[in-house]
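Contents: one structure, followed by commentary.
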Amino acid sequence: MSTSTHAMRKITYREAVREAIRDAIQKDERVFLMGEDVGRYGGCFAVSKGLLDELGPARILDTPLSESGFVGAGIGAALGGMRPIVEVMTCNFSLLAADQILNNAAVYLHMSGGLFNVPIVIRMATGGGRQVAAQHSRCLDGWYAHIPGIKVVSPATVEDARGMLWTALEDPDPVLIFENSGLYNMEGELAVDAGPVDIDSARIRRQGKHITLISYSASLIKSLDAAEILAREGIDAEVIDLRTLRPLDEKTFLESVGKTHRALIIDEGWRSGSISAEISARIMESGFFDLDAPVQRLCSVEVPMPYAKHLEDAALPQVDKIVDIVRSMVGANG
Amino acid sequence: MAEFRMPSLGSDMKEGTLLEWRVKVGDRVKHGDIIAVVDTDKAAIEIEVFEDGIVETLIVQPGQKVPVGTVMALIRQEGATGARAIPVTAPALEGAPIRAAQEVAPPMERIARAVQGAFEPSAPRDETQRLRASPYARKLAAQQGVDLSLLRGTGPGGAIRATDVERAASGVESTASVAAAVEEPVTRGPVPSAEKPTPLPTGTEQPRVAADPAAMRRAIAAAMERSNREIPHYYLQTRIDLSRTLRWLESENLKRSIKERILPVVPLIKAVALALTETPELNGYWIDDRHQPQETINIGFAIALRQGGLIAPAILQADTKSIDEMMECMRDLITRARAGRLRRSEMTDATITVTSLGDLGVETVYGVIYPPQVALVGFGKVTEQPWVENGMLGIRPVLTATLAADHRATDGRRGAQFLDALNTILQEPARL
Amino acid sequence: MRTKGSKKAAAKEAGVTAVDREHALHLLRSMILIRRFEAKCAELYSAMKIRGFLHLYDGEEAVAVGVLQALTPEDAIVATYREHGHALIRGVSPGAIMAEMYGKQEGCSRGRGGSMHLFDDRTRFYGGNAIVGGGLPLAVGLALADKMQGKARVTCCFFGDGAVAEGEFHESMNLAALWKVPVLFVCENNLYAMGTALKYSHAVQDLTRRAASYDMACEAVDGMDVSAVETAARKAVAFVRGGEGPYFLECRTYRFRAHSMFDAELYRNKAEVEEWKKRCPIETFSSRCREGGLISDEDLATIEREVAHEVNEAVAFAEACTWEPLEDLTRFVYSERRRP
Amino acid sequence: MTEAQIKEVIFKLLKRIAPESDPQSLGPDENVRRALDIDSFDALNFFIHLHEELGVTIPESDYGQMNTLSEMVRYLVKHAG
């Protein structure tokens, strides 16, 4: 969270990420960006637009469509003393690099008994909602959060989009940054001199007392919208932005549940074996006696993402569903 | 058709053996009648019925051991209103297998039963209809001494939620939770108050006190049985020369009007409170296999009720009260205890119990600790006895004080220190 | 290359090019060390001192020994799960390697890796990678970092013929050639990807043609001949260090033992193995050197004695090592201190 | 105040303390506290009520003179004069 009292400005999430990349490359000569279409194309989501001209081809590297190859190369470069930012176009394609992320980045430190750490940052777009169907709409933030050895962050605000990258680069271990593609156009207020933010704690984005909504990334925005609607009905929802899915800051949500006694987790990932399941389990393990209602989850419906708009909308967590569930949990007959 | 089931008489009761039926088929029974005797792991227990009606079938035969929740008999209701009427197919079903006779009570009847049940403290909970309450509601209920079984939940499927407990605790009743009346001494479990360690589980283990002497007897039985089963007691006893205290009390009482006079038991309780500040280990609980001494000293004072039974409401923060405050407090407690209007915290917050049976001429009291407390102090009658002090023989008013303490929580040395402190304080009554 | 007049002539006579006595002894000793060390490993495996997977390098010693002669201490190595030899020759202490296989905390990977994951930062030994093909992108990245930092270092990446069928091989070859990064790809072609022969795995069995398709400099060499390997490696390393881009060196070799300890070897016949054993890199090199008068039987006996001592020392060290305390189980999942 | 009036007050107060009892059936020399199971608190209350009803202040030292019905009447007649 910014402690700046300086002037604020409007900025999009996309611009915030771009500013973070530019800033990191300018500040540290070891940092470079590589990935598919990050240079001449300007980035699949236009995040790195203009950076090749600005920073030159030594720092902005277009790669062939070889996810495993260039993610692995990023790991090697990190081992070799560089601080690469590897952009995987979307998390769907990261599965082609899953071997490198899981079998190398996540385990090198451990396998070498602490000798070789891998200070790599891998950015990838995540999430659905753009009618691009099953192979381009996955939300794998929570899926990667299963893996010890990597850190998983999901910035939901322009402030985090701007500030998490530098902290991730300074981290000695692999950090995966998931940028929900639905957020790139989101505009937010950001301090002119906004800088790094931590990547190991959750934030209460809205204080409340009746129920805790636990969410992250694009679902956080929906949760905040739902909380506004609920406030008009007299239901005061506390909204938590997890920010980091691994390591998970359970203290923040457990304290909140200790206060509100109810929890709804909103997770764009699928329900089975999800990060929402993990959070729910931790509440059972450590917050059971504070619960006044069963923990509920709103996740994506367990289908590969369909193309048709109405089906896709129905498959994703939505504001009205959040509102309905909260009403049923908190309301007179809930 | 109503089902009479093997009741659960405690969370650790899983099954029971029917010893005898006190009724036969065709007998008319009414709510509260004892209709069966059941042998449990602990003792033979008389079981009452909660329906009015006629005994239709006796399913379980004497000698049979059945799990809790097993249907033992069917009671046919007579002269029922429309809502309670047997379904039209009843004639065909009467005497038919149990399964077919299952009945879903209409909502109004369920409410009525709940209200009835509320006044029926001995109602054994049917294990097949497990109490549905949220964990937080259970925690709150335990902290505030609310008996969940008396509440009607407003949550899904009638689950009791925190709001139901809070409403009961604040005296604002929900429609069907009338009997959770705060003014009623419905709860007898000396459960730690809010911010205290995990309390006793709620439910049947938590004995309750009510107007019904039999019910109170059973509640006391349950608590004492638990005490005897779980608490390894040790006993220490000492004789205390009470002459200085009594002399001091006499002079104090001379300064007071008759209404303000102080009974001898008051300085004794005050002395217990002060002694506990020196041996705090005896003040508290044994919960979850853990000794949990309490900072606040709330002394439960055993009061016999005229209708039978006893109750031990707490003198809260006894160590901080003056003699006059304590007397006033005790007068108030006794009056309200006998009128059945104790407050919840008084019923649940005791951290130790004092019992004084001297009025009846008893010399020595060997008490049974009230779980989860870890000590009980007993006072007998003050008698004149020969007493040697400084090599001089004289006659002194002597009190026998005993300590029953939980050996899991403390050892004899600590107990001895307590009695020694008690004695010392009573030799310097000005400290009181 | 060290050469001394008279010895050089003798060596040439023996058909051993450019190898003087001292170097010959060194090469021979290196190969014998691997062979004897691993024989001990097999024994200890049977005695249940070593567990997990154990892949032995028997027959392939000339590749590691030959190639590693060409590298300097600044260079980096990325190896596979059959890497005991590479680690030994690179200079990782035999004791630390043996202790690692014992699972002891004094092992080179603190007992976290075992036989397949030997690591050493001092010698830039980036491990035993046990995902076939998984090390190649890593090597490209290490080389990329050197190139970006203007360091004239070489990353040497070992892999087998099996890896050539992996997508990661092709991605890495393409990336390395595209970016002209200083990687020496060393394919240890022992003809079997575990139990499946090359001919059942590859449409094109001449693996150098794969490299050629990326326009990458390449050469195939007799992997049973340590001098030939060394010579080819020196040439390749010079090329790479010269900034000419990556190089693909195929060493044609053969594994005498089973793939791992639990392998019935149903996929090849004994005659084939016996035929290859006639080309044993140690036997052939040692005969040539003796025939050429470069070394004596006594030299050989001395080597055997010294190696036996070294192996015994390693075992004694591993035996004496300690177990990492259980409290440390979750260490090294994340770094304990930030690296600058 | 007559003896009968005093007795009536005593019965009323005892009945209040021990509602289930029948004080009028007490024998004149029966120990009242024992017969009606009156503890020291109730006893104190009894004396307080006597004070309220009859204006008699009974010092603690005189409690021993009021064990039976006849003792009570005798004492109260004397002091309520």
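The chains carry the letters A, B, C and D, assigned in the order they are written, with residues numbered from 1 in each.
In this section, contacts are C-beta pairs under 8 Å (C-beta built on N, C-alpha and C of every residue); 3 or more make two chains touch, one makes a residue touch a chain.
All values derive from a computational prediction rather than experimental measurement.
Averaging the CA coordinates per chain and comparing them to the mean over all protein CA atoms picks out A as nearest. Remark: chain B and chain D have CA centroids separated by 33 Å (rounded to whole angstrom). If you average the Cα atoms of chain B and of chain C, the two centres end up 79 Å apart. Computed centre separation for the pair chain A/chain B is 54 angstrom, with centres defined by C-alpha atoms. Centre-to-centre, using mean CA coordinates, chain A is 83 Å away from chain D. Shared interface positions of chain C, i.e. residues touching 2 or more other chains, are not present.
Interchain contacts link the chains end to end along an open line, per the touch definition above. Chains touching one another form the pairs A-B, A-C, B-D.
The part of chain B that touches chain D in the complex is made up of residues 250, 253, 257-259, 261, 263-265, 304, 306-307, 330-331, 334, 359. Residues of chain D touching chain B in their complex: 18-20, 37, 39-41, 44-45, 47-48, 51, 57-58, 60. Residue ranges on chain A touching chain C, taken from their complex, read 32, 58, 63-64, 66, 68-82, 84, 99-100, 103-104, 108-117, 119, 148-149, 151, 170-173. For chain A in complex with chain B, the residues that touch the partner chain are 261, 288-293, 332-334.
Residues of chain C that touch chain A in their complex: 76, 78, 107-113, 117, 119-121, 126-127, 129, 131, 134, 136-146, 148-149, 155, 167-168, 171-172, 174-175, 178, 331-339.
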